[in-house]
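In what comes next, chain A is part of two complexes: it sits with chain B in the first one and with chain C in the second one.
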Partner chain A sequence: MRLRGVLPRLTTPNACWSCRGPVPAAEPFCPTCKAVQPPGQADHFSRLGFARTFDLDPKLVERRYFELQRKLHPDRFATRSPKERAVSQAQATSLNEAYETLMDPLRRAAYLLKLSGIETIGDGKTVADPALLMEAMEMREALAEARTPAEVDSVVSGARRDAEAATAQLSRDFASEDLEAAKKTTLRLTYLDKLIDDARARRLNVA
Partner chain B sequence: MTLLQLHEPGETPLPHEGDQALAVGIDLGTTNSVVAISAHSKPEVLRDADGNGLVPSVVAYTDAGPVVGSAAQARIVDAPETVIFSVKRLMGRGAADVKALAGTLPYKLDAAQGGMVRLLIGEKRLTPVEVSAEILRAVKAQAEQHLGREVTKAVVTVPAYFDDAARLATKDAAKLAGLEVLRLVNEPTAAALAYGLDQAAEGIYAVYDLGGGTFDISILRLEKGVFQVLATGGDASLGGDDFDHAIAEHWLADRKSELGSEPITSGEAKQTLKSARAAKEALTSRDAGDFPVMLRGKTTLHRLTRAELDRLIQPWVDKTIAICRQVVSDARLDLSEIQGVVLVGGSTRVPQVRRAVETFFGKTPLSDIDPDEVVALGAALQAEALTSGSETLLLDVLPLSLGIETMGGLVEKIVDRNTPIPVAKAQEFTTYQDGQAAMLVHVVQGERETVAECRSLARFVLAGIPPMTAGAARIRVTFQVDADGLLTVSASEKTTGIEQRVEVKPSYGLSEEEMARMLEESLEHGREDMERRLLIENRVEGQRVLLALRSALAADASMLDAGEADRIEKARQGLARAIEGDDRDRIKAAVEALEDVARPFAERRMDRAIRAGLAGHSIDEFKGDPGGCLAPDPEEEKS
Partner chain C sequence: MAYSEKVIDHYNNPRNVGSLDKGAEDVGTGLVGAPACGDVMKLQIKVSADGIIQDAKFKTFGCGSAIASSSLATEWIKGKSIDQAETIKNTEIAQHLALPPVKIHCSVLAEDAIKAAIADYRAKAGAKPKAAE
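For the complex of A and B:
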């Protein structure tokens, strides 16, 4: 027999803190007594109802996030018991974390790599790639030398084009399951994002 | 149809008591406070009898007790030393901050003891929390007056840029005033809510909020009922007050060059500031004017033109624009992506401010909703949403990064500013000495890299770390920020599971004992209030009983037995006397006595009425009557 598509996960139901009845894992509400449930251990992708993939539509991520926050945000529980308020806060906290991670291509890539056991941030080896280091230094120099808004703009638009290309590359890296390449591209995108941030700040100051 | 329907006192339904709890929105401002309420998404400012919606955030401590609002303001002339205004600037502040503000606040401060600053008014040493609680009590009373019923729940707004200590101080003040805070909402977010729902706006908007003492700029995305803050920034001590000070100092410098040095009392300073404020307000619609300054009984007139005013306030206006720049950059946006800019706060009436905002954003700013009232209106909408349910969703962010002190007085950031809240972040730290048994955790808030330049929120010691070599212990520090922007920190050593949890309170907050004492005092008042309420309730009940009896006697006095009339009359007089007094137990007992003695009379009247009702009818007629008591209710039997 061949198994196709998504395997139904073998998870034991949790006991509802309120009515003690069974609650399927990752269900935010008890099916019996409707009490809000703690967020549990789900990863960011499954929390927002996605498969683990780099190719996500940000509009869809946002829509799912808003939909869930509408139901789970502490504002919906302001007049409820302290226990329900605490549980909803935990849910909203997990949703925010998932949203922030999945919305940003860089953080999404780093998180996907982390789920595969590959650390990209703070592993002390980020400058081991001489080509990348050289490119980063050149970009920094270009920004430092930019004196007029137009010059800064040109650095920004260059970096943006590169960041878009790096994001497209990441999509290919993950599609072909080349995690080493994905790690390299992720580091490159880290530099580019930082440069764009700095350039944007500088753009406002020279304006 | 029972004649004497006697309630147990305390159970009398007060008007509307059965309704959903009433929740108001309160803008606790530096200069003015406003209270509003919303029903069916239509918010409305609750005004006083004269139609004023703004309650001046001024408190005067008189012999007869605290006075708030314009009555307090009026005392600046006669008893300036008893008057406190702009207390919001001191919320969550400590001795060090006050030094920075020294001279800008014309009242005596006692910062000697460390911790939260105290205001010295006569014999009193007051915390900003207590003074703010007086203002909140006054707006609460105004709302109750207007609505004719008690208000116990509120959404209170705070400047987006308020740090943890100032937020906590605000919440404590509300608690002291007898208000349950449903949520602290950031002022620009509240304003956006009022605009967004009013104008069905969509897209990215900036909210520029310049009040009396605080400046906030928030950038929000509005989409289908979601109000998502993308970035926020500001300055918790920059506002219209600074404009007033600049004008006053300018005039005093003029006088000095004319009349030489003069000592200035705190009362004279307050009056000069008042005059400066009047000048600033006058110059929003005029180009120039002459304004009085009176020191030591001698009044001088000072000319101020619009151009001069613009020059005097320019440094502060520039500062707000620099902050706008930073926040646009933090939101990762270009100016062209911002669809509109909304003006909030009384200080945005100053033409120079409007001009600067318009120039920077390249758009004509929106100010359709009164900038003094828009925040309270938004707060009221949120109060309604929290109590009655709503489709709108406010997603706010942390205004200032949170971190802890590491070696060498440096800050390790744990939660970055502009992270959506609620948020929880954890970080692991380790010991730096062999056998180190305890670790000091110093929590700070701010953007700078050294502890000295950030704000100290709390310190606590994680003790009982088992002896290990340096670097072996795993201490996990978790920061949890709730939807009010308030922080809870916990720390645990992972190999042993030793856990410590602290509510971030200490550095500039009230101590536990102080808060407990203040709450106890306000609860004592609460008990007094409750007593009074019960007394009134008992009186009303007693009067109602007397009235009912009178009607019954008027109709059916002929049914009284011999001697019964005397007994009832005696009990009636007993109750009438009890109502005159202040003893609610006596009233209660008198009501009961009258009820007992009149019961046979009431029963006879009932019997007769039933008999009269039955006469001429067959028993079958009553069988199908769901309200009748002759046949069992089939529905009731089932259940």
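For the complex of A and C:
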């Protein structure tokens, strides 16, 4: 786990490893000597220059990612010192992780909840939400009974519509700061995404 | 990851797959899920007037360990009283099936499913539940 929680240190500048000058958090380069800095503990949102919000424009996420990626790609450091190569490698890894988390609605929602201290998918607990589980059971049964590619496709398109609706619901849940509702919707989306994944495998078997 | 022989046996020949009449007075239904893997498990019990589990059925969508855990759970609870069935621990299921640490939650799911089915039966029968765990 890369995330180590929200620390007050986030706002205080770190010292540059090369020139000891101050470096603001989430700043990939030293403002004084331009040396690449370790990724540190910035969260995925601030790493890409966003506030902690569910509603992100994927095009903007992509653009910021590629801008940073261009500056931080290990290839650019191929002729530098081993220290700089290692640091840029760590930056690139953190950047990819931030990008993948922010681009996927489910991962973004789970991460936002995690930043608020709410575990969703990784807590090993069982859920006993009857409506949610009944829906999951019915979708699973429909998928298990699907015998032709067309039948599988119909289960998938139903699940895709539901997943889109759940994503829209998450946007409202977070906008109204209803984290309990957001947790429920996140769990629902977990089941839907998993079903869509499994259906893809099933599609190959019935084809 | 290698599954134990017992897991493979339950996975290939699951015991007691199916459904009981959810609406019947003497049937208790437990529905639980593990969000981490998108697993969903339904476990049902048919209980006699003197509190003995006469029949148990399950339906699980999930990995091999989840299927084996629920299959084993139905085998174990059949013929037991609901009070006895309630004492089954996930650790016993995990140990019997030799589940690796990453699959322990599958046995937790089975234990929770047994408890949920008993709770549902008790609620229906209007019987006083035992002291909460």
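As a working rule, the second predicted complex is superposed on the first by the 193 of 207 C-alpha atoms of A that agree within 3 Å, B and C clash if a C-alpha of one lies under 4 Å from a C-alpha of the other, contacts with A are read in each partner's own complex, and residues count from 1 in each chain.
As a working rule, contacts are C-beta pairs under 8 Å (C-beta built on N, C-alpha and C of every residue); 3 or more make two chains touch, one makes a residue touch a chain.
Bear in mind that the values here come from a model prediction, so they are computed numbers and not experimental data.
In the superposition on chain A, A:Leu132 contacts chain C only, with no contact to chain B. When the two complexes are overlaid on their common chain A, residue A:Tyr191 makes contact with chain C while staying clear of chain B.
In the superposition on chain A, A:Arg70 makes contact with chain B only, not with chain C. After overlaying the two complexes on the shared chain, residue contacts for A:Asn96 are found with chain B alone; chain C is out of touch.
By the document's definition of touching, neither partner reaches A:Leu60: not chain B, not chain C.
By the touch criterion defined above, A:Arg140 reaches chain C but does not reach chain B. In the superposition on chain A, A:Leu115 contacts neither chain B nor chain C. Overlap of the chain B and chain C interfaces on chain A: none, as no residue is touched by both. Those residues of chain B that touch chain A in the shared complex are 21, 182-183, 224, 226, 325-326, 328-329, 332, 334, 382, 385-387, 389, 391, 393-395, 419-424, 480, 482-483.
Residues 31-38, 40, 42, 59, 61, 105, 108-109, 112, 116 of chain C touch chain A in their complex. Interface residues of chain A facing chain B in the complex, by the touch rule stated above, are 66, 69-70, 73-76, 78-79, 89, 92-93, 96-97, 99-100, 197, 200-201, 203-205.
Note for the complex: chain A touches chain C at residues 120-124, 126-130, 132-134, 136-137, 140, 144, 187, 190-191, 193-195, 198.
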